[in-house]
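Next come two complexes built around chain A: one with chain B, the other with chain C.
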Partner chain A sequence: MTRVSSLLEVERLSRQFGSGRSAVLAVKDVSFSVAPGEIVAVVGESGSGKSTLARLILRLLPPTSGTIRFAGLGEITRLRGRALRHYWQQVQAIFQDPFSTFNQFLTVRRLLERSLGIVDNPPRGADRECAIAQALQSVGLEPSDVLPKWPHQLSGGQRQRVMIARALLLQPKLVIADEPTSMLDASLRVTVLNLLADLRQRGSSVLFITHDLGQAFYLADRLLVMYQGEIVERGPVEAVLRSPRHPYTQRLLADVPRLGDGRPTARPADGPIRLVQRRPSGG
Partner chain B sequence: MQPLLNAQRICAAYRLENGDEVQAVDHVSLSVFPGEVLGVVGESGCGKSTLAAVLSLTARPPLMVKAGTLTLAGQQVTLAGKQPYPVTWRGRLVALLPQGAMNSLNPTLRVRDFAFDVLRAHDRQVDRRVALERARERLQQLSLPPRVLDAYPHQLSGGMKQRVVAVLSTLLNPRLLIADEPTSALDVSSQRALVNLLLELLEREIIASIIFISHDLPLLSNVADRIAVMYAGEIVELATTREIIRAPQHPYTRALLQATLVPERTIRGRRIEGIPGQPPDLRKRPPGCRFSPRCPHATDRCRRERPPLETIDGRAVACWWVFERERRVPSVEESVP
Partner chain C sequence: MDVAAAPRPRTAKRWHPLVITISILRLGGIGINTRFWVSIGLLGAIVVFGLLGPTLLGKRDPLRIVGGLYDPPSSQVWLGTDNFGRDVFTQLMYGTRTSLTIGLIAGAVATLIGVAVGTLAGFRGGTIEEALMGITNVVITIPSIVILILLSIAIASRSIVVMGVIIGITSWPWTARAVRAQTASLRAREHLDLARLSGAGTVSLILVDIIPYMLSYIFMAFVLQFASGILQEAALSLLGLGPTNTISLGIMLHWSLLWEAVRTGAWWAFFPPTVFLTIIAFALLLLQSSLDELFNPRLRRK
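On to the complex of A and B.
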């Protein structure tokens, strides 16, 4: 499983919340790797542990057990202080809710300038201005238009694009995108996904967390299917979607709405209410 | 067949603090027939939720209904002004399943008390035992254990809360349920479960019709019988689901369809473009067609004149480009030798 060329290697990672009888194992013995320039999608329903996994890798949450390795830094599971800061220079996050990830008291200009502060030798003066403008332009935002704005003056789509612009600005090796499109309109989703694809063009790897197999299929190279904290299926996207093996993957795939011709009419009118199966069997 | 609900020329605006008004719904007319699911699709800010508030009679300041008539089950009411609507309408005839339904439960009440409150608000004489029996029965129909009744909202999972809210908003057996983005915060599996639930309620004739509002066209295409496409406060296209999905007319509908991602081979390795630009600021709307700044087919006429919503072959569309094409089609055929 260990590949020399991996950018990120996660090995037997677990995280437990609570203790005793109320203990919940949110991430259970998860192992995988991400190669440079690769987009790996983590797919699963709400509560499957996807976001906990993201927070563990971002080192926003300590793991209960297991290790995380990052190319050039070795094991980062227990980094602190300067070393952790050094890790954070290379990993950026785009979160689900573009409405709560902004500091309300900073304009877009201040936010982006401050983000550059984490880099070792941040560009200054005109160079900085130019780098910021370029990043904003590449996500389709007009710098003179958005730079002086406060977060509340931006729409959800604009905020999410500012977040991606920030990721571009810092040129991280790994971007962790946790449901970056779930609060956005269908028409904006494609735009944001294309921006993530552009990140790959620039050499970043992306860990793309989503519940939507359609989006994973559009964007990702490899797929990890998570269910109740465990990875139950993995493989190249096309192979998994062509012949999903695990019943949970099969159900996820069946649940993605396809374009249809309207409400199905041939439904049993007097039969018993179909139980909506929440937990498939098998593990 | 008489429509269950007929809305004519609804205009609704938000009053800003500085006295200005933002027209969020602009001359929208639609009807819903008994047994029908009408879908309403559009981007954020297109007026979908405002329309839901007006039609469900829950509009409250700063939202004001400026004009329009509403006919519900044969009774007509002018919405603007102070004419009150019949007291039995809200809750019994029409009910709203709100957006973000998971947050609309009172955290300090057990589900049983909330259910009783809902029923008592409409019938002072209702017996507590009868009320709870009804709630319990409904919960069981939706495969929720009766213990849910004794739970506080924080003890329920997101999907359960969603189902509980669906139960509560249909407890009075409303004829028309207006579901405003009921699934947008849910993962695909919970989405499907909720949609199945609403369709079950329809098939069991607990409710007669649904207006289903969503920005998710693939989802809507599996639920709705007809779909209305809204853009910047107006309906730009209204047709059967089949027609909207297979032969969309309006450039906006086409763009929406193009931007959908379904897990099929065709989208793999291909770059799909989103819709360029953003919806107009409703305070400064373009004078002509509101989609014209983003439309690949826009002409001078589109930028100058607003296209009316015209019915061609039973389907309504508001677009100069479509009108031109419709007119041109016969002449092309004539020229064929």
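On to the complex of A and C.
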């Protein structure tokens, strides 16, 4: 089972919430691996255990059973203290909600400076300024503009880009992106997806968690389909999407709305969209 | 407001007569701004009276003998004299100053210990929480006045600071319990996950990610502790266990009781300090309740 090439290896990982009759098995016997430089997407509906899986791999939540191995560190399932710090130097996260992940009492500058606390020998003074500025520039933010701002002064897209800049700054080997686009406007999603693709260019693997098959197809190399805590289908993205075998995957795929397929007939003919379309010629 | 979303455990004092008064005011339709400004006005007047009064009115020594036993109020001595022939009005100014200082120190000490114990217990959970909350519950069950009396007897010379600290270290448990509950609800927030991934340790997480989110709450707890500190000092002083070599509102009550001011009808000896204690505690509780409404919009009436 152990391949030399994999970066992250998850084996028979389970997590149960509650106990007795009210017990819920949020993650059930999940095994998979992520190779260096690979983007793996985990797709599933809400409640399928994707986010729990992310928190388990990030070691923010202890698993009920199973093991997690990381290249160079061995088994990290029971790490604590300093050893866990070493793990977090190599595995970082981008969370779903760019509003609640920010400490609202820290400016962007303080947040990024604080993030460097995980690194063993963080750059100081001008070096630090330079590193932070570079990270912000690579996500398309102007450092002098963004650094002194408080989270509530930034838009959702800007906050999520700050989070990606944070990942770039720390240069982890694996980034776990837990639905990073779900709280963003559609127009910003592609930007964020492209930034995630950039992470790979800089040598990070990405575990991309999403409920959107389209985004998974756009970004990922491999696909894991999760349903009720279990991985029900896996394989290269194109192969899975071309010939889905599990009924759940087939249903997911059928539910993806396509442009040009026509709109559902139930929509009233005089919907608000028509009015919007007429406006330019009318004005 | 984030803090408003968390369940808000209340500190004790619900049964306190002043709290009942405030509830009546609330029902009576006195709005938040009115209550806030009334409390600020009352507190401001009392602080100015206590701090600047002696200087402005040129009455420098509260222990100087200016008349006979319980001289009634006159143009010389505005509020009469006490049992040693000392000016009650001057004593009132210095007594207010002492009481406010002790209340402030007691409130600060109680809030500091309470927040430290509460955040640590709520944040760490497990055995540490069990142990800290065990100690807290034990301290709550011992009537604080008993500890206060024993401590006051044990310490022969009690300065104002010592009194404040003594009162503070017996009144922190309520703050600790309330803060623990708040911390436990803040602990699962996502920004703490990010901070953990940034290598933040327990102290940093508590100071940067938890305490700022409940500062308004801590401030209100402090105001309550401030008020109860002043009343505790009065209770101790009334028993003759107050600060030594100084005058406080409670010490004035102590002397007037010892020298039968009530029976002899010398109302000027006990009435002014009583009124002052009531006004100070009332204003602080009024301030706390208006702040509570300010920080917690769900409590606001439409």
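Keep in mind that, in the parts below, the second predicted complex is superposed on the first by the 258 of 283 C-alpha atoms of A that agree within 3 Å, B and C clash if a C-alpha of one lies under 4 Å from a C-alpha of the other, contacts with A are read in each partner's own complex, and residues count from 1 in each chain.
By our rule, a residue touches a chain if its C-beta (ideal position, glycine included) is under 8 Å from a C-beta of that chain, and two chains touch if they have at least 3 such contacts.
In this text the structure is predicted, and so the values were computed from the model without any measurement.
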Contacts of A:V190 with chain B and chain C, given as first, second, both or neither: first
Using the superposition on chain A described above, determine whether A:G235 touches chain B (first), chain C (second), both, or neither. neither
Comparing chain B against chain C, which has contacts with more of the residues in chain A? B
With the two structures laid over each other on chain A, which partner does A:P123 touch: chain B (first), chain C (second), both, or neither? neither
Chain B versus chain C as contact partner of A:A93, first or second or both or neither: second
Return first, second, both or neither, reflecting whether A:L60 touches chain B, chain C, both chains, or no partner chain. second
Taking the superposition on A as described, I'd like to know which of chain B and chain C A:P247 touches: first, second, both or neither. neither
Return first, second, both or neither, reflecting whether A:Q104 touches chain B, chain C, both chains, or no partner chain. second
Of the two partner chains, chain B (first) and chain C (second), which one does A:G37 touch, if any: first, second, both, or neither? neither
Which chain A residues lie in the overlap of the chain B contact set and the chain C contact set? none
Mind listing the chain A positions that touch chain C in their complex? 55, 58, 60, 85, 88, 92-93, 95, 97, 100-106, 114-119
Touching chain A in the complex, chain C uses residues 2, 189-191, 193-200, 208-209, 212-213
Applying the document's contact rule, which stretches of chain A touch chain B when the two form their complex? 45-47, 155-157, 185-191, 193-194, 197, 211-218, 237-238, 241, 251-253, 255-264, 267, 269, 273-276, 278
What part of chain B is in contact with chain A in the complex they form? 37, 43-45, 141-143, 157-159, 186-193, 196-197, 199-200, 203-204, 215-219, 221-225, 240-242, 245-246, 255-257, 259-265, 267-268, 271-275, 278
